[in-house]
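Paired with chain B in one complex and with chain C in the other, chain A is shared by the two complexes that follow.
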Partner chain A sequence: MRKELPILVSFLFGAVVILAKYISLGPLPELIKVLDKWSIVSGAFAFLFGMINLSLLHGHNVARRKSDYLFSLYFIIVMWAFFFLGLYQTQKGYSYKWIFDNVYTPGTSTMYGMIAFYIATSAYRAFRARTMEATVLLVGAAIVMLGNAPVGAVIWKQFPVISDWLLKIPNTAGMRGILVGVYLGALTTAIRIILGLERGHLGGRG
Partner chain B sequence: MFSMYWAAEAAKTPPPWLGFVSGGLAAQFVFVVFLFAATYGLIRRLQGGGRVAAIRKIAGLDAINEAVGRATEMGRPVHFTPGIGATSDPQSYAAFAVLGEVGKLTARYDTRIIVTTANAIMTAITDEIVRGAYLESGRPDAFNPDDIRYLSSAQFAYSAQVLGIFEREKVAANIMVGVFAAEALLLAEAGAQIGAIQIAASTNTFQLPFFVAACDYTLIGDEMYAASAYLSKDPALTGTVVAEDWAKMLILGVVVLGAILNTVGSKWLQNILNR
Partner chain C sequence: MFWDKMQKINKYYIYALLVIALVIPMFVPLGLPISITADTRKVYDLMEKIPPGSPILMSFDYTANAVAEMDPMATALLKQAFKRGLKVVLFSQGDQGAVLAQKIGDDLAGKMKKNYGTDYVHLGYKPGGTVVLRRMVEDLWDAAANVDMNGKPLSSFPLMQNIKKITDVKAIVVISNGSPGFVEWLNYVTGPQKMPLFGGTVSVMVPGYMPYVQSGQFAGLLQGSRGTAEYELLIKEPGKAVSAQDSQSLSHLYLVTLLVLGNLGYFLRKKPADGR
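This part shows the complex of A and B:
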């Protein structure tokens, strides 16, 4: 039953959702609204589930006095303090908003800003003209960069035109080709789950 | 103006024999029914002893063995991430299939595997998959639940913690299969800088170039969805991949026909697809 029940549930709900997308007869449209609400509620529970998971993991580190257990203790205190502050003040509360805007947001921006440096090192590795493909990539990227930078048009006024053509024609054609495959792959995966063929997510035990 | 509006609405009316389908979705409905029928027909044929279609070599999936082997030789862990997706993303199911295989290999080679996730439900599922893989390989005692880690639901907080794990644990292999967005390059480049062998798979066309630039092997687009069939060699799953290829050929035919008809000024196919 450990595998059969999830497969049966996947089949029932998957078939209903697909049918409701195309057929608006009887109770199907209302049923979809109810399922959407279930999805939102279960998603909200997942956050609590995650917090409990983290508390157990780090609580274990603290209880066993593992290396760097003080970080685990600090983490548990901060996470639950911020959780209860949010419950007490709501998201619009001054302290809650201050911590979010002055601790979380700068941290996120810092990580996002690092991408610029990583793009430079990654581009250096990719654009070394060691093979024919890498050379084409290098030439294409150079033209697109010059086409988008004001200095490109000053050097040769055709750079923006060629850059635009590269982005609109070969690049879009390639991306659309990949996307057709991606959407078909996603649809086939959905069919495999509904038919109970895809069982990787059910674990290895029978 | 109103006559144009009514003409467009009339064009969205499905044909009488598909009167139960919502307007504008008849062609999509027929396509989905075709895909279901092709999948079912092929599975029946293959299970009945029919010829099993071969899937072409996918270098990224073949390299999983090499990556785990390298980590074993170096005595360092393998890192696996299904990205920042949830169970509602189809890419996550491809990730589960690959994780099951990686888990069996790490259990067999007695190599440590660290799985990081950005979603609590994904943590529970990945825990179950790796636990099951170790049990199936006869080494349940070697499974370490502390190595299946929920880091954070916030994209960049998750990335920061993965970067920390890379530096502290010095992972020898980094396998990224699933949903990736702006954090893709952070993870891939950090993995490249510590010298890990990297296998990545994504359907996000904006992140694929980063993976191609920074990783040793990249599964592009629908190659990722073929992973479970490719790794398990199950005839039924292979049948679904063949059905997908049939559908791809059908779409290609429609695209070519549509281009020709549009060039000569005919809207016949466009009107059929809009009904």
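This part shows the complex of A and C:
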């Protein structure tokens, strides 16, 4: 029953939601409202489950004194401390806001900003015109970079024009193909989940 | 020999030069001209066309790691909305975006003398993902659990009396650095309801969003820091994005120079015996 029940629930609710999209019959519209509320409430609870799951995982590392267990301990303390601080002070609380503005935001921005340094070294060491495809990519990247900064137009007025064309014509054509593929894949996966053919999310093999 | 040495240059020299390229323009501005692109002007015109007093919804769908690029964009868009007398409902599809929206909203409202509850309301972040958006179409109050970000009932705000469902707002303005963001709004709200959707995103997301811009599903898109700089000039409020453009110019020029030098070195160096 550990697998059959979730498959049955997925099928029933998935089928009802899809059916309600096309047929407005009897109690279906009201049922969808109830299901939406259930989904919103369970979404909120999922956060708490996530925190408990992470605590168990890292608590296991601490209990077994696994390598770098101090990081796990630090993570558990910070996560729960910030959670209770948020509950106590709400998001408008002074300490909560101070930590978010002065610790979390600069920290995460720094991590993001460091990508620039990796891009610089890889531009110099790895991005080589070894093949025709790589050369096209390299020239395209250089033009878009120059076209996207004011200095590009100062060097040559056509840089922004060519950059815009690259983004709007060849890039759009390629991205459309990728997007159509992605959405067809998502649709297929959704149908497979509803029909119980896809079981990877239940912990077994798909 | 020279190119062989150049190929093995210490990476810290490359890092140091990048820092110099980024920092120098902050002290010695180059003042390079910033031309206004058609895409940016389109966003500006869309905002200008909304009649004063009309409500719009601004969704702060970005995370704290992107504040350097997104905060100036959100500030510029909200500033224009307030300037034009639009009523703004702030919202976020993510918990971090809600905190960032509160900071920008309250700061600007203080400076521009806008009142909470009549000129703007912050719904905050409501867990539930796309179901919340879908629910907004039927009943916005219900989707927001009938309270704003701070738990105050929506019934206590004059602004919310005429906004009962999402179609009561004139446009959805999204500031996003990924998912959830524009695509969720398009799929669940603006597409089915035929509502205008525009806003801005980080530079790295622009190629992925271009098909939606070209098809008109996104009515307008500010493209990264450059787009924000152009927007700041259009609303005559030059800010952080305008001052960052010289740094962006030098750093982009530096990266292109690295590309050229790296490839020159690769082709002109002494080839190893195995021909690699």
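Going forward, the second predicted complex is superposed on the first by the 171 of 206 C-alpha atoms of A that agree within 3 Å, B and C clash if a C-alpha of one lies under 4 Å from a C-alpha of the other, contacts with A are read in each partner's own complex, and residues count from 1 in each chain.
In this section, a contact is a pair of C-beta atoms (placed from the backbone, for glycine too) under 8 Å apart; a residue touches a chain by one contact, two chains touch by 3 or more.
The structure presented is a predicted model; accordingly, all values stated were derived computationally and were not measured.
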- Message: Output check: A:128 vs chain B and chain C. Expected answer is one of first, second, both, neither. What do you get?
- Response: second
- Message: Per the contact definition in the header, classify A:108: touching chain B only (first), chain C only (second), both, or neither.
- Response: both
- Figure out whether A:187 sits in contact with chain B (first) or chain C (second), or with both, or with neither. first
- Message: According to the stated criteria, A:47 is in contact with first (chain B), second (chain C), both, or neither; which is it?
- Response: both
- Message: Quick check for you: in the superposed arrangement, does A:172 touch first (chain B), second (chain C), both or neither?
- Response: second
- Message: After the superposition on A, what does A:57 contact: first (chain B), second (chain C), both or neither?
- Response: first
- Task: Identify the partner contact of A:21: answer first if only chain B is touched, second if only chain C is, both if each is, neither if none is.
- Result: first
- Given the touch rule stated above, what does A:197 touch, chain B (first), chain C (second), both, or neither? first
- Looking at the overlay, what does A:94 touch: chain B (first), chain C (second), both, or neither? neither
- Message: Based on the A-chain superposition described above, do chain B and chain C contact any of the same residues on chain A, and if so which?
- Response: 39, 43, 46-47, 104, 108, 111-112, 119, 121, 123, 125, 175, 179
- Considering the complex alone, what residue numbers of chain B touch chain A? 20-22, 25, 28-29, 32, 35-36, 39-40, 43, 86-88, 90-94, 96-97, 99-100, 103-104, 119-121, 123-125, 128-129, 131-133, 135-136, 146, 149-150, 153-157, 159-160, 182-183, 185-186, 188-190, 192-193, 203, 205, 208, 210, 212-214, 220-222, 224-226, 228, 234, 236-237, 240-241, 243-244, 247-248, 251
- Contact set on chain A toward chain B in their complex: 18, 21-25, 39, 43, 46-47, 49-51, 53-54, 57, 60, 104, 107-108, 111-112, 114-115, 118-119, 121-123, 125-126, 175, 178-182, 184-193, 195, 197-198, 200-205
- Task: Flag every residue of chain A that touches chain C in the complex, lowest number first.
- Result: 33, 36-37, 39-41, 43-44, 46-47, 90-92, 97, 100-101, 104-105, 108-109, 111-113, 116-117, 119-121, 123-125, 127-129, 138, 141-142, 145-146, 148-154, 160, 164, 167-168, 171-172, 175-176, 179
- chain A touches which residues of chain C in the complex? 7, 9, 11, 14-15, 18, 32-35, 37, 63-68, 98-99, 102-103, 124, 126-129, 131-132, 134-135, 138, 142-143, 145, 149-151, 203, 206-208, 210-211, 214, 223-224, 226, 245-246, 248-256, 258-263, 266
